[in-house]
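Chain naming follows the written order as A, B, C and D, and within any one chain the residues start at number 1.
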Amino acid sequence: MQELLNKIAIGIEKGNKKAVLEDVQAALDANIKVESIMNDGLIKGMEELGAKWKRNEVFVPEVLIAARTLTAALEAIKPILAQQGVKPKGKAVIGTVKGDLHDIGKNLVKMMMVGAGFEVVDLGVDVSEAKFIEALEENQPDILLLSALLTTTMPQQKAVIDAITAAQLRDKVKIMVGGAPVTQEFADEIGADAYTQDAASAAERAVKFVS
Amino acid sequence: MGKEFNKVLYDLDSFVYGKSLYPVKLKNGLEIGGGLILPELNFTLPNMLFNESTFPKVIEQYRSIIDEACKRAVELSVPGFVAEVELLPDATYRPEWGIEITKVVREVMYEYEQKHQLKSGLRLTPVDIREDLNSEHMWHGEFWDKIMRIFEEGAKAGADFLSIESIGGKDVHDEAIMYCNIKQSIFGLGVLGCMDMKRLWGSITEIAEKTGTVSAGDTACGFANTAMVLADRGYIPKVFAAVIRVLAVVRSLVAYEEGAVGPHKDCGYEGVYIKAITGTPISMEGKTSACAHLSPVGNIAAAVADLWSNESVQNLKLLGGMAPTVYMEQLAYDCRLMNTATKKGHSAVLLLRDLLTDSDSYYDPQAYVLRPDVVLKLSAEILKGKDHFERTKLAGLAAIRVLREAYENKEVLISEREVPWLDMLQNEIESIPADVNVFTQEMIEGNTSAKFEPKKYDL
Amino acid sequence: MGKEFNKVLYDLDSFVYGKSLYPVKLKNGLEIGGGLILPELNFTLPNMLFNESTFPKVIEQYRSIIDEACKRAVELSVPGFVAEVELLPDATYRPEWGIEITKVVREVMYEYEQKHQLKSGLRLTPVDIREDLNSEHMWHGEFWDKIMRIFEEGAKAGADFLSIESIGGKDVHDEAIMYCNIKQSIFGLGVLGCMDMKRLWGSITEIAEKTGTVSAGDTACGFANTAMVLADRGYIPKVFAAVIRVLAVVRSLVAYEEGAVGPHKDCGYEGVYIKAITGTPISMEGKTSACAHLSPVGNIAAAVADLWSNESVQNLKLLGGMAPTVYMEQLAYDCRLMNTATKKGHSAVLLLRDLLTDSDSYYDPQAYVLRPDVVLKLSAEILKGKDHFERTKLAGLAAIRVLREAYENKEVLISEREVPWLDMLQNEIESIPADVNVFTQEMIEGNTSAKFEPKKYDL
Amino acid sequence: MQELLNKIAIGIEKGNKKAVLEDVQAALDANIKVESIMNDGLIKGMEELGAKWKRNEVFVPEVLIAARTLTAALEAIKPILAQQGVKPKGKAVIGTVKGDLHDIGKNLVKMMMVGAGFEVVDLGVDVSEAKFIEALEENQPDILLLSALLTTTMPQQKAVIDAITAAQLRDKVKIMVGGAPVTQEFADEIGADAYTQDAASAAERAVKFVS
């Protein structure tokens, strides 16, 4: 059993989707608990990759491919997880605010969030207040992440937070903000729950919010 | 192609900063590439709202930025400079705003020219809003029209140089960078990018001719600089970013094939290749653009530059003054040093150029591919290709070959974990079919980027 | 005088940047003036409250500033650097705060040394709170004690270099600048300043010896830089500011007579004279300190520097990163260029030094008096004086003479309305009595500065 | 009469205190109206010097000496001015805030204010909230000018304004702030009435407040 879980973990690290899906099926067939498959196989593989990331031993593409593999595997066992009431570590909604088309920074954060075990709903770029609120209502996430890369779209992060407050959803979600011109001071000023400097620390901070 | 470029125009001895074969001269006498390297000042708003009600404040920001910067330029006896007005999205979506900003900035510049004989030119750069999710087509429709309107009316409002950081092909290239997928990158730059550049720069050149302004050139910023910034953080291999830079040459060259005459845009580091191939002057940015982004090419970027830029800085108050004024001063001193060498004579210029070059080129493959000698060598390789597609592939292969050699000769530092990437990238490029149509079909079918819609390119 | 300095130690050929006759070496091997020019990074808090309750935030600011700057230094392969912790008044009035800041900053620096072999040293500079209105005496009492406590305990907390921007004589000199009163200026610098420097630097050197740290040196910042900034705005004549700079030499030299060994402090542009006369290494700042103040000496300031500083920058977020990190990068590239010349050979160093020099020296008399050749010439003139007072007067007269000659030879730009000032200043200096006691009595009696109290100097 | 007033104006410009005092006495003896002596002689001389300052034709020392001369002359005719109910253009209190010992910037502003015809009370440097309030109560100025040169003493400008508000004196005085790190944005934020970049524009702005 341990061997199979290890194999799954290594498959995630290598981003070998086909092998991982097969191994997960084999694990299910062998009556390994789905919670264990998730935590000791899939998530563990991702954690080990995360450790390598921190030591500068892997690049983004490797993490992205692993994250993609993880998503596919989680998708495959989703019905069983739901059936057994096993929940992901947390749920997050992410998007770049209205007027801002910057994509890559947001995608990096999304990647690290997936890697940290979050289920992530990506709203894309140029996202209006209304769309964010709709997504909150629909997905009930633990975390909302707002990206802004321009000095003139930073105020839109405030607009989103204000709209969420007005919609009386503010206390239901932790809001994190980021982007090149954003600062901790600005985050405090607009009432965000957290600001981090880069994608990796964003995910680390998010984990603290749900644990 | 319109104009054809088929040979390298400089030898190493004549390939220097401040001087280009085909300088660009404005009516007021400001000359780029005519002997002196000059500052190109860039600036942006501080954190503030940009809307109907704040627009007067926005205008006042721009007015005071350029006024203070010009004042300092006079105090430092700056012999001339270019100001770039890189419009924010808001000012591009509402062309009348962008045009008004252009007018206000240019007026201040004229004032300093009249009162203090400070010659200057304005580069107008709308943001390429064709990236908007609602943009239906690359070459017509609302977003295209707005950009063209800004160029045309901005020219009448006083712009001298027309530029843009165009995004044709970026829809696939963003993903290419994240996955370090060189095939996809070649598709983005060498196929889609070149197709788009042709249409775009044909139109811009037409407007420039009609309005008596200068069709100046583009930058592969959204491609190669995005890669550079990610590489700088250790997210992707530096060798990948270095190769992307060289791939970008063919794409940025298209502007010149369609009639642009320079100066090439500051954040397009591939400009050194453009200069080698076209003889037009170029703008570059390095250490003195650290305010906008850190980089591994702080000195070498100046080696053959004709304008020296700070890329972008918010209008924040530093202790020494407003940040754009501070950066005007820094650029002025950088240029002063280089122009003093020019006054001293050619051998001083060559020495300074080589010091700038040698000081950076060992530490990073991205710096290495900007070495003047490497630029001349790789340019020749690139020009062996018969069309954009083939040239782009050759660019990639030649860059990889040069980096491998340099690594083996200990001329460049490539970290061990990056070395295998050279082979991986080469294999990928070699697997690309010879026929551009076959390749295009393959890339469209295998496309995983949600942002890329072939029909926007009539594909 | 303690140690006596009576001759100029360099000829023009050996008077270059990065190399000094008596380099300073730390235990960790970091060497200043041993061949390489290195960055000296300076930084300050952004606009924020500094009190009991915000102190944890203050500490976090300092920690993150130095952490990010060190990270970038490693990425750019910086061969070593100095960080200056120039304490704010709050952290000097409460020595335990200043000491805690020192400790936190130094710890991060040690960490980078261990993990990444980044050698560095910390310069600790309390603010000279003896300027406080409640200060009863220059050489004893609460304020003196606090400064000495910071030096002593700061040394134990990890400081490597002890420095201060001392203010002895500033009480009369502030007014001297406003009224361009050169006699009063000579009294402030050549009499009061020198008296105070002797006592102050005797004590600092004692602490340095006791704690195994380096007695580094002072700066006439509050005197000559104040004049420079006012001259830059056109408030006072540039020739006046240039003469003040040269007057300041004698006063700043006193630190070395009392045992300081360098590196002289960044904002003391008179350091080039200190280097010529003492052979100790110096820190200088120029274009890359525009963040702290604009200046007419952007390039020339680097000509014979051993450390290259940005003077001060708030911890603000620029687009490229936090401002101190951005300035670390800029300094690193400046130094890289200069060190590449050193690697290339002595003639390259001389050429670069001369380019730095010639690029500025024509435009401003303040730049002119920093020319290496002028520095050597004026230093010899200054050293003809038998004591501080006579040397200060000679410094003034010699500077005026050199500027007049240079103006006549069209080697320096002096605006027409400033030219008569040369004669006016000379006449004033020549009217000063030969006997320092007579002069002192005269100045005390005629004193109009409310801030100056002779009894604080035991006068 | 015009000749004598011109002479006074020129005396001010040259900073010739002895001559100005004599000429003012002569004018009084000749029964020239004291208001005219002030406006067409003293202030006019200062205005002409101000115009030269703007054209970069004079340096600070010249302006300072003229301002000093003006102050002495106004002092000499003060009793007569008071008797006839003639008031100065305005009254100002100036100081550098607590914790900050920077002097010269403040002195330059003071000089330009005097030159613009203001009676200026200089509280010096390192001035506490209490001292500012005391000075407001005692002098009832039109304008209060606060200088701060350090990022860490800028907040003290806010503290002073807050204390003035608490003392219910806020609507009795226009407050201007300045200093190297100060910005318009900061001035707005702390509720100052004006910020200017340099000494000359500070005085110009102050004149607008009283005219």
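In this section, contacts are C-beta pairs under 8 Å (C-beta built on N, C-alpha and C of every residue); 3 or more make two chains touch, one makes a residue touch a chain.
Computed from a prediction, not measured in an experiment: that's the story for all the values here.
Asker: With chain centres defined as C-alpha means, what is the inter-centre distance between chain A and chain D in Å?
Answerer: Here the centre of chain D sits 60 Å away from the centre of chain A.
Asker: Could you put a whole-Å number on the gap between the CA centroids of chain B and chain C?
Answerer: So the centre of chain B lies 40 Å away from the centre of chain C.
Asker: Suppose each chain is reduced to the average of its Cα coordinates; what separation in Å results between chain B and chain D?
Answerer: 51
Asker: Which residue numbers or ranges of chain B touch two or more of the other chains?
Answerer: 44, 46, 314, 319, in rising order.
Asker: Please output the residue numbers of chain D that touch at least 2 other chains, ranges allowed.
Answerer: Residue numbers touching two or more other chains: 181.
Asker: For this assembly, give the contact graph shape among line, ring, star, complete and other.
Answerer: other
Asker: Of all possible chain pairs, which ones touch?
Answerer: Inter-chain contacts occur between A-B, A-C, B-C, B-D, C-D.
Asker: Where on chain B does chain D make contact in their complex?
Answerer: Where chain B meets chain D, its residues are 46, 317, 319.
Asker: Under the definition above, what is the set of chain B residues touching chain C in their complex?
Answerer: 44, 72, 75-77, 232, 286-294, 296, 298-299, 312-314, 316, 318-321, 323, 325-327, 329-330, 332-334, 336-337, 339-341, 344, 348, 351-352, 355-356, 358-360, 363
Asker: Any idea which chain A residues touch chain C in the complex?
Answerer: 180-183, 185
Asker: Under the definition above, what is the set of chain A residues touching chain B in their complex?
Answerer: 56-57, 59-61, 64-65, 99-101, 103-104, 107-108, 124-126, 150-155, 181, 186, 198
Asker: Help me check something: in the complex, which residues belonging to chain B touch chain A?
Answerer: By the definition above, chain B touches chain A via 44-50, 88-90, 131-133, 174, 177-181, 226, 230, 233-237, 314, 417, 451.
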